[in-house]
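Below, chain A partners chain B and then partners chain C, in two separate complexes.
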Partner chain A sequence: MLKYFFQRFLIACVTILILITVTFFLIQLLPGDPFLDPKLPVEVKENMMEYYGLNDPLYMQYFNYLGNLFQGDLGYSLKYKNLTVNEVIMDAFPKSVELGLYALLISILFGLTLGIIAALEHNKKLDFLSMFIALIGISVPAFIIGGLFQYFFAVKLHLFPVAQWQGFSYTVLPSFALALGSVALIARLMRASMLEIVSTDYVKTADAKGLSRGQIILRHQIRNAVLPVLTILGPLLANLVTGTFVIEKIFAVPGLGKYYVESMQTLDYTMILGLTIFFGSFLVVVNLLIDFCYGIIDPRIRTKKAGG
Partner chain B sequence: MVLFRKSSWLLMLLLVVSFMLAACTAESGDTDDGKKEGIADDGETEQVLRMAMESEPEVLDPQVSTDTYSIIVNNAILEGLVRFHDGEIIPGIAEEWDISEDGLTYTFHLRETTWSDGKDLTAEDFKDSFIRLLDPETASAYAYIGYYVKNAAAFNQGEITDPDEVGVKAIDPYTLEFTLENPTKQFLSLTSFISYLPSDAEKIEEFGQSYSSSPESMNYNGPFVIDSWDHQESIVLKKNPNYWNKDEIKLDEVEINIVADNSTAVGMYETGDIDMVTLGREFIEKYEQSGDAEFYNAGTTAFLQYSYNGEVGEILKNSNFRNALSYAINRQGLVEGVLKNGSTPAERYIMPDTLGKEGLFAEEYPLSVFPTENDNEKAQEYLDKALDELGMTKDELPAFELLASDRPDDRIISEALQDMFDQTLGIKTEITILPHDQRLQRLMDGEFELMWAGWGPDYNDPMTYLEIFTASSTYNTTGFESDTYDDLINSASVEADVDKRGDLLFEAEQYLIEEGPMTPVYFESGAWAKSGSLQNVNRSPFGAEVDFVFGYFE
Partner chain C sequence: MENENKKVLEVEDLRISFDTYAGEVQAIRGISFDVKEGEVVAIVGESGSGKSVTSQGIMKLLPTPPARYKSGAIRLEGKDITGYNRKQMEKLKGSKMAMIFQDPMTSLNPTMKVGRQIAEGLKKHTNLSKDKIHSRVIELLTMVGIPDPDDRANRYPHEFSGGMRQRVMIAIALACEPKLLIADEPTTALDVTIQAQILKLMDKLNEETGTSIILITHDLGVVAKMADRIIVMYAGKPVETGNKHDIFYNPKHPYTWGLLGALPRVDTDKKEPLKSISGTPPDLISPPKGCAFANRCEHAMEVCLEHDPAMQEYGEGHTAACWLHHPNAKEYLDQIMEKHSFGVGGEKYANQNAGG
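Up next is the complex of A and B:
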């Protein structure tokens, strides 16, 4: 078990290093530079390139960057020139996390509920209704959902603030808007998974043993059906908490997603790199943790790994 | 287990009901819920302005910053030698100033005042800040805004290293003198520009590159100070008790919210969360109908730009051909039928509100080259003449590429132009839409044929529009290089006599329209709405886009 995790950890480190390297050199292939301005005299631009170290040979820039990175320094942003990428992450990430966690909670709660109901009421009205809601969640883009939520619940009904991030009431609309897609995802997955398990041998055995339907559903069906859902929770969590540009933009949430998209558009090299590394590492770590949980929940994996 | 099923049913029911409830109440709320409610939400005596800005200031350090949003905020928290307000230059930290006969020496007499932390604000602060702007170590993008001052360019480009050789001197703590390279009419108004605002050397020493990234890491000398700053969320300004002119400042607090999405900002305005809002194109009509939309001059002249490079350039170089395109454009139709944002047809290049000799340039030198509506007959005549001169038939004309940015307005305008050229002249164009920065890159590489472009002013003088088409301008990648034009611009930039200078600039404008690589189409406007009780907040094409410094609630 320990050996397995050590291996996984090593692979994770290599993954991140490759990510850094590939991102660093890919950025250089993007057309243009961070100081694009038709008014800028050549000499002025030269001063800027020099100051931000962009005139150095590429390999030197790379090793400088790695050197600073190992000291935990992601450098100053090239757009927000007096903010470091570290400051930006420390400032914005907690807000993205808060939003993401609320959304995840909503996704799990509503997703599982819808999925279970749909499976238990297979091919009946409630099944269709649940799956219809799920279909809406999957097919309607977040900016439409977000916009509608905002229009009805905030502008028209005054139930919640229109936008911004200044307290709990501000989190409700963006959290639900962000969660809707994942609710649908989890609901469909849970339903499929539940239906598959109904016809397995151990469920039949349990039935034959004379267990009540409730016991079968709770102890055998749901517990086993939830495994595939757990697998996607890792990527889903990473996806939700690393910020989402559209929802953040619509609800004026000062999260990381906006910085990420903006940095690409303005070729803010240090910001793109810093955030990519941060997101990448985060995803890798979350996946490691999920592997942990997986082992704990499913004894088959645990023993298999221990044996191998 | 029965319990479990019951609760899940309940949840389900709750979900469905809440959705239905939302839908129903929303409909009934529709009728009685006007936007009136958003207005006059606040108490009348409370002088707190709440507004939204679509982006965070990139960097407030005045010598480093270049973006619109930093300029808006800096206009409120810093003050230059003079202040630009409502189209006029008014005294700032300088009480008065003398300009020498030859227009080369500007002497500013500063009032005795302090920074917000009580430290004396002196001529030395202004001098140090100006040298800092030019210092190659600062790597300021706007360093060239200082190039009008003697030896400024040389110092910035490393040709000289002694800052004392630069034409700025603190004669005594309250007298500052600038010596210029050439008489520069716009210099006085430039001293209100962001790059010329003072920064505090002690704080820079303390915070280094992080100067001005938080309320504590900068010093203020303007009407307001930053009270709190949540990045990407809000900036709260409080009245500066140490500001010399504090009695004229009526607002106690200004809350600037960062709201990237215009629909969101309008939503916040309608619920009364903010007191004024810029209106995106989809909201203008609705607000105009209710009489709540106000239009403001955005300062930009929007034009169709041509490239004289390559094979296609040979055709576009032909002035009759350009005239044909120009007369095919229905300018009135574009602004009234397509844009609907208060923009006006451009019959000339220089934006009408630009300052001339003493009054407005457009009044001192009236010019209307292009008709506001299309003249198909004339357009056809010009095209025939052009084809004759080029020795081509119409079928031999290529389909021109029309490059535009992905801004919604630009998309629509380029489609309208495409249609007009095709309908009137049978000239085909293919539209290429690119994101802002990529279009800019194509512009700077000179890789375009026709381009939908525009120019907003850096300062209030015709020169800001004209100088970008000289052969040496970094903007001019069109292949248009004219000694006649460059001579006119160069003569105007060293001319101390305002009348002669005005004449030269006017001649340059006419020459540019005739021979230059562009056709003006319209002068851009924008629309906004504000609470009825909010007074004296200005939107200006020059200086800060929004100037709320002297604003107040009735």
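Up next is the complex of A and C:
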């Protein structure tokens, strides 16, 4: 068990290092530099380049950056005055995380429920209804869902505030809007997985023991069916926490999404690098945690020396 | 003697069909048999002959729909359970009758400890305390020959080998001391040495606990070892039934001849290719109106294609359904019997296995 965890951890570290390196050099391949403003006098630009160390040879920049990174310093933003990338993340990330976590909870809760109901009522009305909801969740883009939610639940029904980020009631609409796609994804996956397990031999064994339908579903079907769903939770969480630009924009949530997109447009090197590394590491860590959870739920993974 | 004649299970003219898009598949087209206390009854036949459907039909494990019970009666210890619903069956499954399946690698829940999987049935059907259940689990594991049962009960199925898992399956099935154990090809997925161990174990448990066994198999070697009575099935119907002696020494039906002839022999020096029965079983969506085996039978007569032969008795408990034994076909049958000597093959085989 410990060896398994250590192994996974080591792989995760290597992955992050590769991510840093590749991102660093890819950015350098982009045409232009951060100080493209034509109004900027050439002398000022030179000063800036010198100040930020952008005139140094590339390998030196790389090792400088790595050195700072190991001290936890992601550097100053090249665009925002006196703002470090660390500060930006500290300020904006918690909001994105809060939104993402709510969305994840909603996805798991509603996704699993819909999937299980659909599988149990296979080819009946509830199955079709669940899968219809899932289809909408997958095919309608977030900005339309967001707009519709605002129109109906905020403007028409006055249930929740339209936008902004000032308390729990403000989180409800963006969380649901963000979650819908993942709800659909989990529901479909869970349904397929449940249907596969209904016809397995061990469910038949459970049936032959005389267990009731409920006992079979709870003890034998759901736990095994949840495994594939668990695998996608990692990427899903990372996705929900980070890939929320559209929803954050629509609901005026001051999250990280804005900075990510802006930094790409303005070639804010340190910001791009910092955010990419941050998101990347986040994804890797979440996947690592999922792997550990997997080991706990599925005993076969814990020991690699599976017996026959 | 009185005890021996008590019938645990009676099946009467059971017919089960599956409704599919292509039409009604008549998987079981009328089978009748009974199982006495302590008896081992084997159902033999090739794939698709209805062995498994029969066994799962008795346990009501078939999903309905698509499966449909068309007619017939199933009686367990004299009680008619044909019309029992799911709730009523739950009380019987696992307690009065139990089942083990073909593939032990997939028959156990991979995410549940083996001990718990055995305990589940006990929890459901008995009022034993937690401690009692635990000691019963250990007792069962010991009984089926699993070493270090205290430790093993806390392990997951993937930590067991195939043979060990089948032992666990047997422990699960026998947990509540059922009257009837249905074993659906219990050794097919195991390698030969393990097969022998599992069969020996089942034989031993049959003797010790008096549990009756229905043994579903396509392996006549398995049958020769264990079965008291044999039912040979073909295309959803029994074609011949009898005791070990009848089937191996005095088979009446050409399909039984074929099965016996297809057994690999180790007692001849002659290098000859393995025999097989050519052709495939009939389509059960529209079964032939005559004998179902006629199109594969090398001795088929005109009457076989037109009329389905009825079961005839050839001695106590020995029945077969074949026109060759009709008085009008006597000459033809004599010719056939002269050419082949079916009885001899079976005899050799039975002896060879009795030793092992």
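Please note the rule applied: the second predicted complex is superposed on the first by the 301 of 308 C-alpha atoms of A that agree within 3 Å, B and C clash if a C-alpha of one lies under 4 Å from a C-alpha of the other, contacts with A are read in each partner's own complex, and residues count from 1 in each chain.
Basically, a contact is a pair of C-beta atoms (placed from the backbone, for glycine too) under 8 Å apart; a residue touches a chain by one contact, two chains touch by 3 or more.
Every value quoted in this text rests on a predicted model; they were computed, and no experiment measured them.
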{"item": "Fit-or-clash call for chain B and chain C when the two complexes are aligned on chain A", "value": "fit"}
{"item": "Contacts of A:Pro41 with chain B and chain C, given as first, second, both or neither", "value": "first"}
{"item": "Residue contacts with chain A in the superposition, chain B compared against chain C", "value": "B"}
{"item": "Contacts of A:Glu98 with chain B and chain C, given as first, second, both or neither", "value": "neither"}
{"item": "First (chain B), second (chain C), both or neither touched by A:Trp165", "value": "first"}
{"item": "Which superposed partner A:Asp291 touches (first chain B, second chain C, both, neither)", "value": "neither"}
{"item": "Contacts of A:Lys249 with chain B and chain C, given as first, second, both or neither", "value": "first"}
{"item": "Partner chain(s) touched by A:Gly210 [first = chain B, second = chain C, both, neither]", "value": "second"}
{"item": "Contacts of A:Asp201 with chain B and chain C, given as first, second, both or neither", "value": "second"}
{"item": "Contacts of A:Leu83 with chain B and chain C, given as first, second, both or neither", "value": "first"}
{"item": "Partner chain in contact with A:Asn224 - chain B first, chain C second, else both or neither", "value": "second"}
{"item": "Minimum C-alpha spacing, chains overlaid - chain B and chain C, in Å", "value": "13"}
{"item": "Contact residues of chain A, present in both the chain B and the chain C interface", "value": "212-213, 215"}
{"item": "Of all residues in chain A, those that touch chain B in their complex", "value": "31-32, 35-45, 47-48, 50-52, 76, 79-84, 87-88, 91-92, 109-110, 113-114, 116-117, 120, 126, 129-130, 133, 147, 150-158, 161-165, 212-215, 217-218, 249-252, 254-255, 258-259, 265-267"}
{"item": "Residues of chain B defined as touching chain A within the complex", "value": "1-2, 4-5, 8-9, 11-12, 15-16, 22-23, 25-26, 29-30, 33, 56, 58-61, 64, 66, 136-141, 143-144, 153, 156-157, 209-213, 230-234, 257-261, 263-264, 267-268, 270-271, 273, 435-438, 440-441, 443-444, 458, 468, 474-475"}
{"item": "Touching residues on chain C, where the partner in the complex is chain A", "value": "59, 61, 86-87, 89-95, 98-99, 101, 103, 106-112, 117, 120-121, 124-125, 156, 158-162, 169, 172-173"}
{"item": "Residue numbers on chain A that touch chain C, as the complex places them", "value": "200-202, 204-213, 215, 219-220, 223-224, 297-300, 303, 306-308"}
